[in-house]
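I have a structure I would like to understand better, so I am pasting it below and will then ask my questions one at a time.
Going in written order, the chains are labelled A, B and C, and every chain counts its residues from 1.
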């Protein structure tokens, strides 16, 4: 009994001391990046960022949240740099002076996925027609419903097709891309997803790509530093290093090289912005 | 079914080979939750003792508050701590957001009412003659208080178990204030959430097994305190 | 004179629970407060030990008691309560909090176990039977080597063989160890068997204080006679 008491006491103390030590110890330079779950879940960042960390001796801490929260994190000065895919929200972020030095890094594209049987028969249509058919036939469609970049894109596509997404066939998951795909797969439903996340998750899903390749489905990613004038506590220097590193041809090449199950997920933009 | 079996196989492999990422995640979870429970215990006991041994105006109100806070939704705690520790928040200058310290703070807020309420409950439900007996045997106030604490130790240990259980299994608050940063603030629960989202079910199951095993081990160790009489 | 009470009066609201009770106890006397339940016996004992305040004075060994528990006096409650630990820890509690050495505790324990037989000291005290609880409670008091022991109905809920056992112990404590005992009981026969002197307390009033012989054979008060005959119904 006494030995257990001693063990538990000593162990608890060690753990607490370890915690305090970890808090007190100054670490190497840290760069905080807020990005979207779909970016993070694609695995690209885990693939390329170690190269940056090695070269600059800066530890990159990635916080993956929805586009809305990633931008709010930037506005509140909780991170040094953000990487999102919502050109309008990005430009607004810069207009409000929270962000500077935007660089258009790469794009992937959105696709409409659904069950292989394709009950609404949208396979091969252009995006505008496909959205119209889904809504006309009231085929089950799962929306992110979380104000994310993908969700915003989806709403824009509904608007462009002149449809109002509402009714019992229109489900809102309120969750990240992965969970939304999972839900669509379970329900035999259609959904809009970025190609990267879908490719990454494909093997656990009963879904396939039905509509893609439309110019309206392009999904550009931008990287923006948080303005140090608004938040003096941010590490602007490291953020600049980070953005500059993305501009390097070698990095752009690395992005193009990233494959999941043999498929390329992202195409480098070399700073050429599309859609704003 | 296949995923579950594969999950368990992969889980055993990851655990047995002491996969560095798994070890880091487990260690962080343990560090954060044990720190929160130890600090929470230190902070909650004075509350429980004050409520048990002293009468003061507004006491019943305070009891009600503590009981209510016991059911505090962790996500709300997370949001609250985020807004305070955020660079734009009142304590932003401390730069604690997205650190293990922030996770400990959030868990502290969740754990303190649990430990305080259960401990208070177990002390105040003791037979009132215990104190009289101790005093009649010559105990002063402090010694009588200590006796009552020892008599209520079963409930107090239960409060620690409940607090640890809440802390180690908590996900919403530590996700918001910790950010689930790899090798830094990624705990078992937030890692399970991430791996499920990513469809890496094997990894998620492995982490789930570790989480269960840890909760189980802590329960076993602490329950030994309840089982036997501790000599005074 | 070890204990002296003067004009002890206690009222709860309109009700007078004790009405100017006076008595004194010498050393080493066995003094019994006899009375039906509800007569105020427990209240009186709690006033002596300072758990309840009252008007009137209590002198212990010539010193007036205000509040707090005087060293040298102990009380055994009706239905004593055990601490959730071993019998040994229960019995030695009073000395341990007084920071006595383990040698001293061992010695005292031997003396006490000589009078009060207890089989297993390692058992958890919560698992004891009613008779064992009373014995451990008595041992717990005796460890403190008190001069005055107050006991509130120590045999109230015990079966006859245990009653006999406890009475035997009390007798030895009084006659062999020389401890003064004040016993509160409603049991007329027990009072007769044990007491040197008795007080009859009815509705908070002192009816009679006499020695054993006088009390049971030629009581001074007619009310006492009626009580002993069982004519007074409560």
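In the analysis below, contacts are C-beta pairs under 8 Å (C-beta built on N, C-alpha and C of every residue); 3 or more make two chains touch, one makes a residue touch a chain.
Just so you know, these numbers come straight off a predicted model, no measurement behind them.
Student: Once the contact rule is applied, which chains count as partners of both chain A and chain B?
Tutor: For chain A paired with chain B, there are no chains in contact with each.
Student: Taking each chain's centre as the mean of its CA atoms, which one is farthest from the centre of chain B?
Tutor: Farthest by centroid: C.
Student: Counting in whole Å, what is the centre-to-centre distance of chain A and chain B, each centre being its mean C-alpha position?
Tutor: That pair's centroid distance is 32 Å.
Student: Using Cα averages as centroids, what's the distance between chain B and chain C in whole Å?
Tutor: Roughly 48 Å separates the two chain centres.
Student: Can you compute the centre-to-centre distance for chain A and chain C, using the mean CA position of each chain? Integer Å is fine.
Tutor: So the centre of chain A lies 80 Å away from the centre of chain C.
Student: At which residue positions does chain A touch at least two other chains?
Tutor: none
Student: Send over the residues of chain B in touch with two or more other chains.
Tutor: If we look for residues of chain B contacting two or more partner chains, we find 230.
Student: Using the touch definition from the top, list the residues of chain C that touch chain B in their complex.
Tutor: Its residues touching chain B are 49, 51, 69, 71, 74-75, 77, 79-81, 83-86, 89, 93-94, 96-98, 124, 140-141, 144.
Student: Inside the complex, what are the residues of chain B that reach chain C?
Tutor: 127, 129-130, 132-139, 143, 147, 150-151, 229-232
Student: List the residues on chain A that touch chain B in their complex, please.
Tutor: 1, 4-5, 8, 11-13, 15-16, 18-19, 22-23, 32, 37, 41, 46, 61-64, 75-78, 176-179, 182, 200-201, 203-205, 231, 233-234
Student: Which of the residues in chain B end up touching chain A in this complex?
Tutor: 3, 30-32, 34-35, 38-39, 86-89, 92-93, 95, 97-101, 104, 179-182, 184, 194, 196-199, 201, 221-222, 224-225, 228, 230
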